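Please go over the structures that come below.
Two complexes come next, and they have one chain in common, subunit A, joined by subunit B in the first and subunit C in the second.
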Partner chain A sequence: MNVLLAISINGVAAGTIYALLATGFNLLLLVVGVIQFAYPHLVVMSMYILWMTLKATGNNLAISLPAAIAASVGLNLATEPMFRPLVERRYLTASFVLSIGIMIAITDIMQRQINNGVPIGFPAPLTSRDAILRTGLATMTVGQILTIAIGIAAVIGLWHLLYRTQLGRSFRAMTQSHFTARLLGIPVNKMSLGIYSIAGLLGGILAILLAMTQGAASAPLATNLAIKMLAVAIFAGLGNLRGGLICGMVLGLVESYSLNFLPGDWTNTIALGMVVGAVMFKPEGVFSPRA
Partner chain B sequence: MSLTLTSFLQFVTIFLLLSWALYLVYRVGQIYNGPVFTMLIGAYFSAYVVRDLNWPFGLALLTSMLIGAVASFIPALRLARASAFATAIATIALVFIGQAVIRNLEFLGGSFGFFHIPIVDYLLPTSYIAVFVIGFLIYRLDHSRTGRAMEMTFADPDLAAAMGIDIFKSRVWLQTIAGTLGALAGVFYAFHIHTIFVTNFGLDMLLASFCFLFVGGYTTMWGPVFSTPVLWSISIFLPAEIATWKGAIYGILLIAVLIIHPNGIIDKRLIRIIRGKCQSIFSRRANYQIEEARNEVK
Partner chain C sequence: MAKTDILRVENVSVSFGAVKALTDVSLKVEEGEIVALIGANGAGKTTLLETVVGLNRVDGGAIYFMGKDITHMSTDKIVASGISFVPERRGILSLMAVLENLQLGNYYVKSDVNKHIERAFNRFPVLDERKKQIAGTLSGGEQRILSIARGAVSSPKMIILDEPSMGLAPIMISNLFKLLAEVNNKEGCTILISEQNARKALHYAHRGYVFAAGRIVLEGTSKELSGNPLVRKTYLGG
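For the complex of A and B:
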């Protein structure tokens, strides 16, 4: 029972990360109309910037953590001018291909140029493995508790922003039609920048949480996260925030159980099998799209 | 011929086949990554049957293509109805599932790789003959009624369906053809490098092919013909200091082309201009020759 609890805690923590990634991705897709496949790469790049700042400031968390968030916001905002011509021409597929270009460039920088391509490791103050809660074999670390709490708070906060505020109403108007939103007096370009900033903020928080729970970062981590993010987004239905949260959790749990109970390396296969199954038999996703 | 040049020429054929495979399905509005999945199947199958079961190379090549066709035809029956993005993701998933399966199969070397794949004589000429034949067939397809139907489907699937084009059928067949080309590329890859790892057939391979297709131009088959040798030469012929930035250069080029010239460097307009120029040069020369002949007669 204790083992099951420990596995479940790991699964929920991983699932929250996937859910947050899918939330940032869905926000960009819903409001701006961009398929940002490279979103996890920007998150991992922020992890690299966090690592570099920690190194430069002698592990000063007070400077490094805001720097990571600022870097993530900056990186996401920097992609806005690239996507804008495609958004204006409503080239959704082209935005996916462009994000692949961003992905190739960032992967190459992480794989060859930073730390000579060697995966980076985060220092002890950030990656404390000390258990806060302990029940038999099951333990919960600071990173896990923070991940779950911040993940749920972020999704609730976003839901509140989108469905309970004037700003959210403007964002939702943009999901229907940028042209009509502009006619209604909504500053579409400024709002788009706002969404990129929110996605960047979320990405920065994710970078810190990933640094705390994973303790290391590398280019393959970004690719792995990108696959999981898309698995969650497709399985839940593209642009579905609520579904993304639930599916992220489910994926984390399924992955955690399969890692512990299945022989061999089948964890990714399960997530990917979910994607193939969803696309083939329920292309609009398990939850209704854009709920 | 030097080893570097041989390797360059061989990789050009491999990536050209892959880019054409992506091109064919993109013509009907789908981003299809299945060729890398069938490339994995083709490479491992052919390597295994030739090395361990002593099959002749030709038979292994044909059987791999057949298996590639079947492996892409079955999912195509469902994927043909999915959106461009969903197809892209599902087929990326297939690539990773294929990797996971082979990683867990010990007789194929698992994670350690499949070594000592035999040397095949005339691999390079064989692959160039294959590329010319396939290129000719794609050219014919592009200039046929089916090609025009494909173009129509890309421009407006609803209108294409209203005009009686069977989009589902064309997508299924094009995905199957793309899968077959992927398997063929896999065979050439395996027998060229002699040692294969599952990680060879992953996102890197896919992203490079994407880059060749979209930088070169996805509206004609000539786009990848131009971009594949040019971009691949970055890693081989340029100085090491520049070559280490290969991935970043690919990424930046892809972004720049999509922003500045979304159709890619070689598009239909450019092809028309080049053709017009060639025709005018040839007609001018022909006129000059006629004039000369007339003068001689006088």
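For the complex of A and C:
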């Protein structure tokens, strides 16, 4: 019983990461109108900035954690001028191509410019590996529990914003039509900057959670996360926020069970299997669109 | 500029690439008026209305709203200054609830938001009954009422409507024009409307302009236009 519980908690913790990644990606897709495939790369780049700040400040978390969040917001905002001409012309596919360019550039920076291309490792205060629960191969760490708690808080906060405030309603109006949103007097460009900031905030939180749970970062981590994020988003239906949350959680759980009960690591195969399955049998995704 | 002019369009020209959509268009709307733009499909009515709210780039000329030059202002600032635009067809947010549509119509209203919405529900009771319903599931006529209610909910100084009767049954068209006349009468809201149903539009409007090939070819009071042989032959069925 303990084993199943621990495996499930592992799965939910991983699922929370995927769900938050898919949420950031979907917000940018829905509200702004860009396919930001490099979103996980910005998250991992923020992990690198967190690592550098920790090094520079003698592992001062009070400075480093806000710095990681600020870096993530800054990085996401920095992509806005690049995407804007494409958004104005509604070149969705071109935004995907641009995001791949951003992805390659960030990967190069991580692989060549920082720490001589060697994966970075986070110091002890952030990555307490003390297991609260350990049964067989499965463990439950402080990082995982914090991931789940912060993930839930982030989702509740975001949902409150989107469904209970005028700002959130305006974002949702933009998901349906920038034209109509403009006619209602919604300053579409300013609001887009708001969404880049929110995606950046989520990305900063993700960077910290990933640093805690993974303990290390590298360019392949970003690529790995990008595949999972895209799998979740496509499986749920591109731009479906609720679907992204549920499918992220499902992918985390399925991965966790497969890691424990199947020989070898099949996690990427499962994620890509979800994409192939969705594309073949339900190309619009398993959830219907909803504003 | 006369004191009562709320909107003045002066020699405005707009082109889309090599195509001239508007040439030297001038018109004015006085406070409290209903002004109708009539003309065939593609005559430039929608282009003019969209240009007034900043959706098209103006090649030449100027647009003034309440004495202020809004020619190159962004749409959100124009809306904030008191113009509400009800577009043809694409108006409502079909995946959001009726109430949410109205709340967004109040984007620039900072106080008494609920009072504004309450008043809209009193005026359009069908929306009150369906306030929690997703707007896309309303009938075509109800959706049009919602888009008008949303345009009027913030008590703007002027409402611009683009082809509000398009695709509606005759009984709905009559109701819709009665509602517009009521908004104009009771709230003193100025209305600029483009309409292919010239008979209805001229019946309710105080004045009108006739568009053809991106130019204004006739203007006058509704009575004058209704009596004009060209208008009668071309737009009122002889």
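Keep this in mind: the second predicted complex is superposed on the first by the 280 of 291 C-alpha atoms of A that agree within 3 Å, B and C clash if a C-alpha of one lies under 4 Å from a C-alpha of the other, contacts with A are read in each partner's own complex, and residues count from 1 in each chain.
By our rule, a contact is a pair of C-beta atoms (placed from the backbone, for glycine too) under 8 Å apart; a residue touches a chain by one contact, two chains touch by 3 or more.
This is a predicted model, so every value here is computed, not measured.
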{"item": "Partner chain in contact with A:D108 - subunit B first, subunit C second, else both or neither", "value": "first"}
{"item": "Touching partner for A:V43 - first (subunit B), second (subunit C), both, neither", "value": "neither"}
{"item": "Which superposed partner A:L272 touches (first subunit B, second subunit C, both, neither)", "value": "first"}
{"item": "Comparing the two partners subunit B and subunit C, which touches a greater set of residues in subunit A", "value": "B"}
{"item": "First, second, both or neither for A:R172, with subunit B first and subunit C second", "value": "second"}
{"item": "Touched partner set for A:R182, first subunit B, second subunit C, both or neither", "value": "second"}
{"item": "Contacts of A:L202 with subunit B and subunit C, given as first, second, both or neither", "value": "neither"}
{"item": "Shared subunit A surface residues [contacts with subunit B and with subunit C]", "value": "none"}
{"item": "Subunit A contact footprint on subunit C (complex, rising order)", "value": "53, 55, 74-76, 79-80, 85, 87, 90-96, 100, 103-105, 107-108, 150"}
{"item": "Interfacial residue positions of subunit A with respect to subunit C in the complex", "value": "166, 169-170, 172-173, 176-177, 179-180, 182-188, 289-291"}
{"item": "Residue ranges of subunit A touching subunit B (in the complex, touch as defined)", "value": "35, 82, 85-86, 89, 91-94, 96-98, 100-109, 111-112, 223, 227, 230-231, 234, 238, 264-266, 268-269, 272-273, 275-276, 279-281, 283"}
{"item": "Touching residues (chain side subunit B, partner subunit A) in the complex", "value": "29, 31, 75, 78-79, 81-90, 92-94, 96-97, 100-101, 103-104, 203, 207, 210-211, 214, 244-248, 250-255, 258-259, 262"}
